[in-house]
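Inspection log for the structure reproduced underneath, given as structure tokens.
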Amino acid sequence: MSSRYSAILHEIHTEILPLQHHGTVAQYIPELAKIDPNKFGMHLRTIEGNDFSVGNNEELFSIQSISKVFALAYTVSLVGETIFERVGVEPSGSSFNSLVQLEYEKGIPRNPLINAGAMVLCDVLIDKLREPKDDMLAFVRKLSGNSGITFNERVAASEKEFGFRNVAMAYFLKSFGNIHHNVDEVLDLYFHICSIEMSCKDLAASFLLFANHGKIVSTGESILNKSQTKRLNAIMQLCGFYDEAGEFSFTVGLPGKSGVGGGIVALHPHRYTVATWGPRLNAKGNSVMGMKALELLTTKLGSSIF
Amino acid sequence: MSSRYSAILHEIHTEILPLQHHGTVAQYIPELAKIDPNKFGMHLRTIEGNDFSVGNNEELFSIQSISKVFALAYTVSLVGETIFERVGVEPSGSSFNSLVQLEYEKGIPRNPLINAGAMVLCDVLIDKLREPKDDMLAFVRKLSGNSGITFNERVAASEKEFGFRNVAMAYFLKSFGNIHHNVDEVLDLYFHICSIEMSCKDLAASFLLFANHGKIVSTGESILNKSQTKRLNAIMQLCGFYDEAGEFSFTVGLPGKSGVGGGIVALHPHRYTVATWGPRLNAKGNSVMGMKALELLTTKLGSSIF
Amino acid sequence: MSSRYSAILHEIHTEILPLQHHGTVAQYIPELAKIDPNKFGMHLRTIEGNDFSVGNNEELFSIQSISKVFALAYTVSLVGETIFERVGVEPSGSSFNSLVQLEYEKGIPRNPLINAGAMVLCDVLIDKLREPKDDMLAFVRKLSGNSGITFNERVAASEKEFGFRNVAMAYFLKSFGNIHHNVDEVLDLYFHICSIEMSCKDLAASFLLFANHGKIVSTGESILNKSQTKRLNAIMQLCGFYDEAGEFSFTVGLPGKSGVGGGIVALHPHRYTVATWGPRLNAKGNSVMGMKALELLTTKLGSSIF
Amino acid sequence: MSSRYSAILHEIHTEILPLQHHGTVAQYIPELAKIDPNKFGMHLRTIEGNDFSVGNNEELFSIQSISKVFALAYTVSLVGETIFERVGVEPSGSSFNSLVQLEYEKGIPRNPLINAGAMVLCDVLIDKLREPKDDMLAFVRKLSGNSGITFNERVAASEKEFGFRNVAMAYFLKSFGNIHHNVDEVLDLYFHICSIEMSCKDLAASFLLFANHGKIVSTGESILNKSQTKRLNAIMQLCGFYDEAGEFSFTVGLPGKSGVGGGIVALHPHRYTVATWGPRLNAKGNSVMGMKALELLTTKLGSSIF
């Protein structure tokens, strides 16, 4: 099996090369636009702890929205399912109506993996943590086993300087009473979490608990219970890819999460996690090379959760 | 294992009794409102062909939107993935904006399991079949192994008489050029498919191919290939429960489909199919007892696809 | 004064010539697309009955949505203000959400001058008239004093054959219970009314009652009372130009109504009516030359209702 | 004529008394909720400078959105029609989609009399004025001839503390680049302008220029030219009453503007201005007694602009 994973990753690496110049690097904050657009990395870790990789799998990049899964796992570990009184579990439909949907649903974000939902998570984390930013970093370091993981302060500052739409969203949530703390404080945490830098290797390691009933494989520490873990996987499956959740389920068939930094991480429960990185995005905001690499992976393995 | 399924189904039957009077029977067409609201049936069939059941598992009811899965499977078996040029694979978000979404997306329904999507399927079936209604019935009879399955003409007529919203939707699709045939003809097929009557037992039997790589277990006939089967399961997972797809994935964790007649059918790939029936619906249009019964099932079995 | 009107119309005719090739003829039904796009006519009739004109002022064209004002006047003359229980008096905002707005407002069209509103008027007219189409023609002939006015059956048939969006709208209204008669019958009247052909001279004559407290100037017959007349003028002011009602009020400052056939008719209460015709439309569906001609008119006269 | 105005105002005062307890005082900021709900005042000033009044016509109240007309007049006097490159002139349709509409129209508010539009005005005023708040007050004092008019700092502070929805709107505009200055600075001016306190007498006096070709009657100073004045009146007619602009045009037939403080001011060009105040609002946010009083006024006078 091991040699099979290795062979498949190398095949994929070759097969996706023609896509290297397809898509566009995220431009909405200047700091993200500086990346070398032609990088590609992929890292797979099995539940038994074996690693397989190709390309720039140890290079750091901005995980952006992938961080929402960490915020969600941490929140659920702290307050349990009560978080779902303040945020839904339904896919969000097309993004064009995100604000009107929030209005229609009276300030309850459709799910925790859209920006509005993650801001509510941040509001709860501020409530429960002494040093929200430090504690959040510590949590991600623990999941990944890499104590060097940190924020990129320039990216966080760039989001703060140009992310007016996110500020609007936070105040809109506040107008519905679904943000309790100061908006600046909530956004400071939110922008910092988005700015975390990790490698494919780090991401594959840190998501392994979702393939392992909520337990960190290396230490055996239980972060989430079995039921919570299933539920988070279900949320990733339905809501993890913006307006392309259906497409990802349809072509890849695994729960996962993408970020505008070009990262994608996915998992096959009880089997493996896999992370990819390619900065060029398609029109829906997901990595072109990453989407294709993962489609090839489950096709070649002949197995998805469906 | 067998005795375990049997024990679990009986436990569930007892545990959901307190919900017997919760929810409301669908009223939007008079014919559906006539049903005895307190019925309940459940039927599970394993991939090995073993049957387990409780309650009114052999009683016929109107399968309504569950029929969209049959229409989709038949369409894919006839024209392959080309159907996805005319209908999407993304969840639809909240129903309040179904028409504006269709407008925004220029007449391409978000997925084949919403009304607009199923109308496009009917348009394709009319194109490809000699006797669309008869052929559709024959297809369902083949999947289920029950040659007695038929339309309820009174229900079909009732839909035609009162379903003005569906007529509006069909003409709206036609205005975008995404219905090629006569609207009356398309709706005649659509309303008839919705009026098919089946029992929980029939449904569990007819969905078994989705748990079996697209092959009918009893005959070995291949209807869909492995990849198509996975894709249909993914669509059911993301789009099978109207505005409650997330909730169903979250609490049950299986792909499936519900109908306003009170039926739900779900499946665990490579393991089993399960159908429930309880006419009283929650505010989102899904059977109250069915939703709870299936949540209890995967909790008690300790396994979902996540 | 008379010589002044005459001089001003000739000035306008010269000044708008440079716009002759701007804009596009309505294409949505083939029959309308056949018109000579470079025609232009303008006709002004004073409350005293004096006529002033330039260009093709006596040439017939398809009045299209201008007919909604006739339908409204006729309906109010028959059932009074009760019609406003079934249709609102508010501007409709941007057209992109016409269907969602109808849904949000439970089947009550925002005003009688949008398609949905005029369909409700047709439903009422069918209720109150023996021969709705004939009676409607007789009403328009009476207002205009021209007994030769008639439907263009080819245009009506063309609407019926290609106007699927209007059929969708009618069934959507029916689903809310705001159309009582058969949809086909309502649309037959609606499409016929839209197909009426009149000249600028006819339109200026037939709108004179709105500048004259609801009385036909030539015969003294009272069609509407003073209060009803003011209200209809208010509706024209706020709702008469699709998504450009504000622009028309802003630049012209008169109540009026436009149609996709390229006609516009406006009025200055107690003073005059004026009709223009130029088939090329701007992006909002209003005649390019007509809009400019009317702006020049009120600028040169130095008077609008504001 | 004078005695006629006087008699009519007294009749109106008697006839609207039965409405004294209808409607609800605005609650969305605590400071506004403190008002005595049963007050009523009305003041009419003719173009010749004659005053007629009943009730609490000299009592100060929070003018709220009426202030948007002052901001618009000031802006147009400073930058002319160029302001309409950054804000439209179309009615806004129903309020439920204000945010999605702003998104659809890429950050251009539909008109200057909705909150988003007035924020853009404030952004321009900050650009052009040395001391925006002081200069704005000076402008209103000049129009009204009352040098005692001032902000209510408690109301402004209350808006700032609780008006999260407005903050969201301002950042949303900023994300589209349609606010150039610091959001806090823009909102500080916006909230202050809304907090201006005036009486019915002050409002009738300060709006007289709109009935007088843009000239202050008492001093003869020209603020707007004739064309600009007509255009502002047109905007008030189409956009001055939130979701009830049509209703107001329909029943009253004058251009005007209302505020959630319970004030309404309207004008008949070349004849008179009239202001009413009654704190209880209808469901659309307009004063119950004020709407009725103005309907009675134009009915009794037998004249509106239509």
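Going in written order, the chains are labelled A, B, C and D, and every chain counts its residues from 1.
What we mean here is this: a residue touches a chain if its C-beta (ideal position, glycine included) is under 8 Å from a C-beta of that chain, and two chains touch if they have at least 3 such contacts.
A quick note: this is a predicted structure, and the numbers were derived from the prediction, not measured.
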- Message: Going by the touch criterion stated earlier, list every chain that contacts chain B and also contacts chain C.
- Response: none
- For chain A and chain D, what's the span in angstrom between their mean Cα positions? 48
- Message: With centres defined as the mean C-alpha position, give me the chain A-chain C separation in Å.
- Response: 55
- Task: Indicate the whole-number Å distance between the mean C-alpha point of chain A and the mean C-alpha point of chain B.
- Result: 32
- Item | Sites on chain A at which at least two other chains make contact | 96-97, 100
- Message: Going by the touch rule stated at the top, which chains touch which?
- Response: A-B, A-D, B-C, C-D
- Message: Using the touch definition from the top, list the residues of chain D that touch chain C in their complex.
- Response: 88-94, 96-97, 100-101, 104-105, 110-111, 226-227, 229-231, 233-235, 237-239, 243-247, 249-251, 253, 255, 269, 299, 302, 304-306
- Of all residues in chain A, those that touch chain D in their complex: 96-97, 99-100, 103, 164-165, 167-172, 174-175, 183
